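We just call them A, B, C and D in the order they show up, numbering each chain from 1.
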Amino acid sequence: MNIFPENVSTYGQELDNLFWLITVFVMIAFVVSLFVLIYPLIKYRKKPSIKAEYITGERKKHFKWVVIALALLLASDFVIMYCEHDAWDQIESVPAKADVRVGIIARQWNWIFVYPGPDGILNTSDDVIVDELNSSLHVPINKNIVFELRSQDVIHSFFLANARFKQDVLPGRTVVRWFNLTKEGKYDISCTQICGILHSKMRNFVIAESDDKYKHYIDSLYTANGHKTTSAK
Amino acid sequence: MDAISHKQSFWTKYIFSTDHKVIGMQYAIMGIIMAGVGGFLAYIFRYNLAFPGAYIPLFGHLSAMQYNAFVTCHGMIMVFWVGMPVLLSSLGNLLIPLMIGTDDMAFPTVNMLSFWIFFVSALVLLSSFFVPGGAFGGGWTMYPPFSAGGYVNKNPAFFKELFSGTSLMILAVALELVAMLMGGINFLVTTINKRAKGMTPFKIPIVVWFINIASVIFMFSVGPLVAGAFMLLFDNVLGTGFYDPARGGDPMLWEHLFWFFGHPEVYVLLLPALGVLAEVFPVFSRKPLFAYKPIVYLALVSAILSVLVWAHHQFVAGIDPRMATFFSIGTILISIPFAGIFLSFMATLWGGSIRFTVPMMWALGFIGLFLIGGLTGLYLGSNAFDIYAHDTYFVVTHFHYTLFPDIFFGFFAAVYFWFPKFTGKTLNSALGKLHFWCTFFFFNGTWFVLFFNGLAGQHRRINDYSDFSLIMKEPYMSFEKFATVCAILLILSQFIFLYNLFTSLAKAKTSVRNPWQSNTLEWLAESPPPHGNFETYPEVYRGPYDYSVPGSTEDFLPQNVPVAHGEAEAIANVQNGITTSTNTI
Amino acid sequence: MSKDHQAHLSLPANKVPEGRLGMWILIAGELVIFGGLIASYLEFRIRYPQWGEMAAHTSTLIGAINTVVLLCSSYTIVKAHEAAQRLDIHKVMIWMSCTVMGGLIFLVDKSIEYYHEISEGFTFTSPKLQMAGDHVGSLFWSYYYIMTGLHGTHVLVGMTVMIIIMFQIRKGQNLHRVELAGMYWHMVDLIWIFLFPLLYIAK
Amino acid sequence: METTSHNNNDNAIFPDAAHDYHGHPRYTRILISLLGLLALSLIVGNLFSLKWAILLIFATAIWKTALVIRNFMHLKYEPLLIYVVIAAVILILFAFFFGVYPDIPAIPLDVTKPH
């Protein structure tokens, strides 16, 4: 049952598994609690001439059941914590080896993509900047893509559902995150932090493609921006 | 005290009254009116989500700007102008003095002032719809710099900074918080100082305990936000840069200031409603509340923990990952006391003799729905999955499954339960049951399907999904339509309640004082209680939940009934299993 | 009604009277508000060491004078409370008017300081610094003005409250309110005790 | 300020006198020590190195606060409840400060200008 959009990132599968793991616990808890809630409603309906039992519940004999239930809940909670901790670290901590480093700048209302120039280093004067509505971020597949998220004006949020990745983009700071896409294709980028009238139109794409296609695209960018980059120097 | 009540003119008696009951009613009525506004906004944007760009009956066409403004104001209104007044102020004002057996609040004038400040804040909020530029549309979390420096509402008029929707919204929230602060001081002082003779702390009904704990949480968590609201207001009006990175500020500060209050606020809304459950369950299962003292302790623990978990709303906001883990653990820990409270409530049903009255049905519905809301919280509390689920409809659905039962089911349980006391009339129970079942089914119809939209990656606050291929496909679009139809029916079914309310108010008074055969002190006063509440101040001898006490012929013993000879022995015998307690009457 | 109610209530020996209890809770609320402001200020103070030279522009002398004034006015109001418990209305009036005077001196002093700073170009938004591109510096002054301004407002409120109460006391009513107003005044004093090192001394 | 007038009737000078009375510390002595502490904090500001100066200054500030709360506000005559309230305020503020600490002082400010 694929209730999620197709997963194309290396760490996406872990989140899906985490979801199903939590679902197991939740379902058990749900069924048990429903039983605890519904059963007495049937068994202990008002009957003539039967008086309710006098149970204050403050004695160990009765309250121990609540304690047991809470202990089980706490235990399952920490099991979940333990399982999700790796996934969290993997997503939030950037790998040392970055194959491609790009800049993603949010503005009202578009995503701007910054590719390193011929010198291969980001944030230098020869960077190539793509700032067109509904433009695409081209990345090679099976490579660690490390990107620096920035915002020019207000808070945006970079959401790539197929990669299970989301990160708020705050002005005034640079957030460095990464993903590694495993399948060629064109995927939606959306902004999930309300940012104005065209918030719902702030949609761009990630195009994951094979390595040579990607190189070809970058070269075309360089030729197109050749003059600009040289004049900027 | 009769002399006082006779002297009063209409204005001092019903409008500028210092009587806690009248003020409580005023809060409740105000809350219902604002709920109408919030519901209408919900109808508008739900309709727009199902049929983008279509003509909306009773409104017209919805622009993107209006959409943002309406979603924002819907959230704001439902939390600050419905939840707070109805659950905290209204219930607190109506119940605390009666339940602790005193004549009025400690500071009646402050009480009246607090309502009128609240009233003004509501007017300010509503006025923001009509200023040029429209109401504030930056999400109810008001994240700057979007909410600062006139990003949202460009108002061409004179004094544009002050009379922009943004500033008016901030002003309204600040006033509302001040009103609630005054109310909170009143509740605490009244409960600490004005309790009836013999009402020791562990003879206080749970609802009074919980309203006071909620007030404490509110008072201690709101301070930083008030300071932050000042800064945000100055950012808008004077052009300072507290939250503007280009001017040295930092929006992350607001996120912390806001959620430092915003998360405890959830418990401020939850605790009074839980208190209502704690009153309803024992009465209608004729059984003592399960684990009275542990419940109080659990609530106190949750109050302490509630200020240590706020940043789990910011997992993807770029906070320090190690802190995220810390706050994730805090979130898990705070789920424990509330789970304990809910389990105790369920355990109260076991071995009772249950009557399915209307308040009981609302209370049970509350538990059932909140179960779903609470359990889906497990997904979001685990910070890794929150990376995906944050700001999607999964989150929206989760907090509607917590807040809707909390605010509305809790409130309706209270209304159907205490209506006879405060009006001397009874609501029609057949209509009440119809109201309950309609609300229950249409609420689930509205929200359950949207869990799947959220998991499919549908993100929040988008007025038009036509660009997003993930959402613009079956079954998600038909889910949207289904949810909208159910939402409209949900809103319509509330008119059953209004009809029931007005027809019942038109009926003649019934002089019965204690229709539910309940134990707490408010049922000793005549209904409706006069100014000054009690003929003679009651004296308290026993806890609030002595139902079906062994050896007593009646199955309820009000708090002012002295402890009979041999009662303790009878109880001890039953609890030690010497004699059985299910003795026939 | 209230009398027999009081008589009927079961008062533990250590019970705090309503007025004072309410005032304590109000003070707690106020302290959290100011505390939130001070905490936010500290976060940025640690982030921007260059705020030191901005703080150097504030006049430590005037700040110190203001501290002395507030401390003394706190002293006079407790003396007023002492007199109130001796039911010495004349003394109460004298001491309270001293306190109101103290508040007045504080405000005058503060406005002189504001005058100097504004004439140096340090305002709520400090356009001068903005022009020079020193946005961080301008943020310091925003915090300076919002903190001292909010505190000054509280001084004003405290004075008004005291004047109202003085009118009641002249009629011999509500002498217990001297203590309540005093507690509020001490809270204002406390906040200043922290604002002074934060904004004036720590360079 | 007409707040308490409804349940404490105004004609009684001390509505609940039985509980309102408490002793009075030696206010003059407290005032002198407060002024002494103020002078101290002003001196250390110029004597010591920055770090020590700040430490000492805030130590004196806390000392002053304690004196004012305990003596002028009569906290020393109040029951435990009031101590709890004050302690709660302090703990809350610490929780907030340290919760925010990793996100603002630790993060350098770098503003992205439009291209």
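Operating definition for what follows: a contact is a pair of C-beta atoms (placed from the backbone, for glycine too) under 8 Å apart; a residue touches a chain by one contact, two chains touch by 3 or more.
Computed from a predicted structure; not experimentally measured.
Comparing chain C-alpha centroids with the centroid of the full set of protein C-alpha atoms picks out B as the closest. Taking A-B and C-D together, the pair of chains sharing more C-beta contacts is A-B.
If you average the Cα atoms of chain B and of chain D, the two centres end up 34 Å apart.
For the pair chain C and chain D, the distance between C-alpha centroids works out to 11 Å. Measuring from the averaged C-alpha position of chain A to that of chain D gives a distance of 44 Å.
Within chain D, contacts with two or more other chains are made by residues 3-7, 81, 88-89, 92, 96, 100, 104, 107, 109, 111. Listed for chain A are residues 171-173, each touching two or more other chains. Of all residues in chain C, those touching 2 or more other chains are 5, 15-18, 22, 25, 28, 31-32, 35-36, 39-40, 43-44, 136, listed in ascending order. Chains that are in contact with each other form these pairs: A-B, A-D, B-C, B-D, C-D. Contact residues on chain A toward chain D in their complex (touch as defined above): 105, 107, 112, 129, 131, 150-152, 171-174. Residues of chain D touching chain C in their complex: 1, 3-11, 13-16, 18-21, 24, 27-28, 30-31, 34-35, 38, 41-42, 45, 50, 53-54, 57-58, 61, 64-65, 68-69, 71-74, 78-79, 81-82, 85-86, 88-89, 92-93, 96-97, 100-101, 104-105, 107, 109. Contact residues of chain B toward chain A in the complex are 64-65, 68, 137-139, 143-146, 151-152, 245-246, 249-252, 285-294, 316-318, 321, 324-325, 328-329, 332, 335-336, 339-340, 343-344, 346-356, 364, 367-368, 371-372, 375-376, 378-379, 381-385, 387-388, 390-392, 452, 455-457, 459-465, 467-470, 547-550, 555, 571, 574-575, 581-585. Listing the residues of chain C that touch chain D in their complex gives 2-3, 5-6, 11, 14-20, 22, 24-25, 28, 31-32, 35-36, 38-40, 42-44, 46-47, 60, 64, 67-68, 71-72, 74-75, 78-79, 82, 85, 87, 136, 161, 164-165, 172-177, 179, 182-183, 186-187, 189-190, 193-194, 196-197, 201-203.
By the touch criterion given at the top, residues 107-115 of chain D touch chain A in their complex.
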